[in-house]
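Pasting the structures in now, so scroll down.
Both complexes below contain chain A, partnered by chain B and then by chain C.
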Partner chain A sequence: MLFRVIDKNEVPSLVRGFAAHYEVVGPVERNGGFAFDEVGSDPSRLRVDYDTTLLPPKKYLFPPKAELFTYDTVNNEVKDIDIPVVPRVLFGLHSCDINAINRLDAVFMASDFPDPYYRAQREATMIVGIDCTPNDHCFCNLWGTDEVTQGYDLFLHDLGDRYLVSILSVTAAEILAVATSARPASPKDSIDFQEKARAFKNSFSSGPAVYELPILMDAFYNDGLWDELGDRCLSCTACSMVCPTCYCFNMVDKLDAGGRSGARLRLWDSCCSPSFALVAGGHNFRPTAASRVRNRFYHKFLGYLSKYGNTLCTGCGRCERACKAHISPRVVIQGLQHKAVQSDAAAQGEGGRS
Partner chain B sequence: MAGKKVFGLNQINPASHALEHKEAAKVAVFGLASDFGCQVQMTNIERELLDVLGMFELVYWQLVSSAPLPEDFDIAIIEGAVCTQEHVETLQWIRERAKVVIAIGACAVTGGIPGLARGNVDDFAKRVYGDVPASCGSMASPRPVSDIIAVDFTVPGCPIEPLELVAVLQRALMGGNPEAGGRSMCGDCRLNEDVCFFERGRICLGLVTRAGCGAPCIKLGYPCNGCRGLAASANLDSARDIVAGYGLDVADFDARLQIFNKAGQDSSRS
Partner chain C sequence: MTQLAKPSMFENPYRPWPARITSITELTSTEKLFELRIIDPDVREAFHHSDGQFVELSIFGVGEAPISISSSPSKQGFIELCVRRAGTVTTVLHDMQCGDVVGLRGPFGHGFPFEEMKGKDILLVAGGLGIAPLRSLINHIHDERSEFGNVTIIYGSRNPAEVMFRSQFEMWRHRKDFNLILTVDRTNDLPWDGEVGLVTKFIPGLELDPSNTYGAIVGPPGMYRFVIAEMRKKGLHYDKIYVSFERQMKCGMGRCGHCMVGHQYTCIDGPVFNYWEAVNIQGAM
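The block that comes next holds the complex of A and B.
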């Protein structure tokens, strides 16, 4: 790992430096919020001061709708398609979203069955991270995903008038060196960084502690909490659509208008969708909203954790904002902890009586 | 969790194996009470229309041809709400002949706009006509097609998205089940990176409306008016709490929901 310092006004020239070789995508204003979009052609659209985006940068690695292959129904032939790859820089990602991509990498790249589509685009993608200012919905601090130590090429730490740049890749280092007047970090830069980092850690609203979460998930599997949440759930799937770590998909065949050829599509899916666990024969393994909401959080807090060692949530807060029914990781954590305290009190009460 | 809304049983389509023959399937298009808007929509896919027509034999469609009503057809596409006794009899006649029935458009699927007269059709008729002419037939309270006969596939919406009908026709022709859905709309708005109307202080019926259209109205700046009918999983109690939570008028929300949901629901809806 290398460290350099650049002035803040050098960001546009850094973007242009990348844009000479790559498509550059970064946060821009959209519909009164922020969205990731192409910015290389016009770096002035880049809004490095954004809080969060409507959709996460996942859409550039794992598109909402991807054509996997096409086929001919007349001759009954499958044709492999070339995997479309766009050499791209995702510019201005926050720690939560880089951590989320690391979670996806574990599934799509490092698993027993690597996904060729994801892998091809991921290998052609560079990531430039940047410091953020948490809003009320952010709770990355609960998971430790307010910091990121791998998965990016450059990370720009905000020091007021300049950025301390952490460098993890040679290619990005070379572009940084050519596009900016990057200089070595001085002791003063490091001291300023420490102060900034401390202030950042203190800027989060306090939240529930999460260390016993997998145990609580296990203990309260049959708890009424899930019915309460299920009674509220609209089965709208908004939570999964905005989530940077959700990776479930559906496979759909789409025929052309005359039915003579078609394409197999991969579409984002959601375990909160009523048809998600519907199988051939008409049986639905999770027919109620309560069973679906429970599944979503079991996978995030326990299932993924058991397999990959992390929770499948980075506290980005997008689902907390998207869910009109106020169902969110923090609500679940608080609900479970409340249950734990209640049942503890009940147990003590029983002990006292006997 | 017993007793909660359960989704997913009875998804097997008995019609799905009905068309395993070699000749082109015969398709007939029927209109009940409607403004023919969905039928016109079907002609609005100029680019695809010839390809689509190549998949079957079109034997009856009054909007585009004067060919007389045949006795024999495989697939019936029905637009419009059931508003007269004659409609009821037509539907029974169709069901006896068709292997597959496809209801298209809000009127046929939920009763739609005609369905607003459900319960007091005589009042409405008097308001519109004064003296109700004999040519109106014997009027009946407006209902969706599925209230009268079994419906195998539905294409909801006001108007329909014609390519959605094409996809449904392909399923019918090739022996597929109706697409499983059940979810409401909000996920589609998030996919479009649109900001929620509730965050802008306005009521939107997407909370409970059957998804699948891709939320084009919201993209154009109009809140969802529920033209696809309630989602199979629609959670009205929760939606009302949400409306109230935003300080908006629950009675207004309920009144808007009536526009496309007063007459009933598509019992086969997904």
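The block that comes next holds the complex of A and C.
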């Protein structure tokens, strides 16, 4: 890891430096909120002070709708399997979203079946991270995803009038060197960085500890809590659509007019969709909203953890904002912890009587 | 700025390979056995499956369906799929003819521990369409019969009209090296010279050496609990009883999420699990 320092007013120049070789995508203001959009052509649109976006950046690696291949239905042959790739820089991603991409990388890249579509685009993608200011919906601090140590090319740490730039890739280092007057970090920079980092850690509202979460998920698997949440869930799937780590998908065939050719498409799907676990013949393995909500959180808090060693939530807070039924990771965590305390009190009570 | 990446032939696990239907056998009014040969000789030669694995069968323009492989890995160059007419893909498949072409991806998943089972006594229990994945194991054991101890097969159907692979099993009933029990829940007044009763009825009377026996069960979801209970009463070890799950395995690669059960993906962690694994998957049994 290499560190350099640049002045804040050098950011537009850095964006232009990337834009000479890549499409540059970053946060811009839209409809009173923020969204990721192309900014290379006009770096002044870039809003590095954004809080969060409605949709996460995963769409640039795992598009909501992608053509896997086309086929000929007359000879039953796969026709075209080329994978479109856009060399791109995702500029201004927060730690939560970079950590989320790292979790997607584990699923799509480091698997027995590496995903050629994801991999091709991921390998053509650079990531420039930037410090954030936590808002009321953020809870990355619960998972330790308020920091990120890998997966980016550059990370801009805010030191007031300048950025301490953490550098992980040669290509990005070269562009940085050409586009800015990057200088080595001084002792003063490291002292300022330490103070900033400490202030950042203290800026989160304290949340519940989550060490025992996998145990609670298992212990309260059959608890009425899931029925309460299921009664509220509208099965609208907004949670999965705005989630930076949800990667469930569906594959469907679409015929061209005339029916002689067609394409197989991969579409975002959600495990909260009522027909998600339906099998041919009509049996639905998760017929109730309660069973689907439970499955979603079970995977996030335990299933993914058991396979990849991390929780499949980075505390970005998007689902908390999107859910009309007030179901969120924090609600589930607090609900489970409340259940644990209740059950323990009941057990103590029984112990006292006997 | 769009560029094109061109993965090599074998690098794209989403790509179905054209396969020709070379034989169709009507098994019952709703099930047919399809013999398929992958057309590309290199891909056909590279295709090796283990007992209990499945493929994704494509019909271009309709979609894909996960189907377990019914033929033994000892037979190369073709695979057999025992398919019930149940969803859109299988309905279209049932209307296809010999010579028609479909797509195949796979094989996917973990199957039965064939090598580990060698030298042991074997108790196989199939219910209904569960015979489809189990037939791969049954025929594989048959082809390497001398490697195994006593082999007992209990195959239950609802009625005589639903018994599949009947001619094969009729022949085996007279063999000394297989203890084959064919049973139906009801005869429905059809000719039947096999047993009548649920598969669980025949386990208590078996003479088994529990420390040296592997069990395998495939059938409808409701069957597992009762058959496992009988096997456990016989003293079979938790981790020597194998089950296979049926879920909507869409991608086969542990990604799309449709086949998730508890913390596991049926498609890559299963579909075959031992009972110890299965009881530790929330919501599985």
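We take it that the second predicted complex is superposed on the first by the 353 of 354 C-alpha atoms of A that agree within 3 Å, B and C clash if a C-alpha of one lies under 4 Å from a C-alpha of the other, contacts with A are read in each partner's own complex, and residues count from 1 in each chain.
FYI, a contact is a pair of C-beta atoms (placed from the backbone, for glycine too) under 8 Å apart; a residue touches a chain by one contact, two chains touch by 3 or more.
Predicted, not measured: the structure shown is a model, and the values here were computed from it.
Taken together through their common chain A, the two structures put chain B and chain C side by side without a clash. By the touch criterion stated above, A:230 is placed in contact with chain B alone, chain C being left untouched.
Of the two partner chains, both chain B and chain C are touched by A:255.
After overlaying the two complexes on the shared chain, residue contacts for A:85 are found with chain C alone; chain B is out of touch.
In the overlay built on the shared chain, the residue A:289 is in contact with chain B alone; chain C does not reach it. By the document's definition of touching, neither partner reaches A:177: not chain B, not chain C. Shared-chain residue A:110: touches no atom of chain B or chain C. Of note, the Cα-centre angle with chain A at its vertex and chain B and chain C at its ends comes out at 70 degrees, rounded to the nearest 10.
With both structures placed on the common chain, the touch criterion links A:238 to chain B but leaves chain C unconnected.
By the touch criterion defined above, A:35 lies against chain B but remains apart from chain C after alignment on the C-alpha atoms of chain A.
Within the superposed three-chain model, A:71 lies in touch with chain C and out of touch with chain B [touch as defined at top]. One of chain B and chain C touches more residues of chain A, and that partner is C. Our summary of the superposed model lists a minimum C-alpha distance of 5 Å between chain B and chain C. Comparing the two interfaces of chain A, the one with chain B and the one with chain C have residues 255, 259, 278, 281, 283, 291 in common.
Residues 1, 4-12, 45, 47-49, 51-52, 54-55, 163, 166-167, 170, 173-174, 180-191, 193-196, 198, 200, 206-208, 211, 231-235, 237-239, 241-242, 270 of chain B touch chain A in their complex.
Those residues of chain A that touch chain C in the shared complex are 22-23, 68-69, 71-73, 75-78, 81-87, 107-108, 111-113, 115-117, 120, 124, 218, 221, 247-253, 255, 259, 262, 264, 266, 269, 271, 276-281, 283, 285, 291, 295, 298-299, 302-303, 306-307.
Against chain B, the residues of chain A that register as touching in their complex are 30-33, 35, 54-55, 64, 226-227, 230-238, 240-242, 254-260, 268, 270, 272-275, 278, 281-284, 287-291, 322, 324-325.
Residues of chain C touching chain A in their complex: 1-7, 11-16, 18, 58, 60-65, 84, 86-90, 100-103, 221, 246-248, 250-258, 260-264, 268, 282-283.
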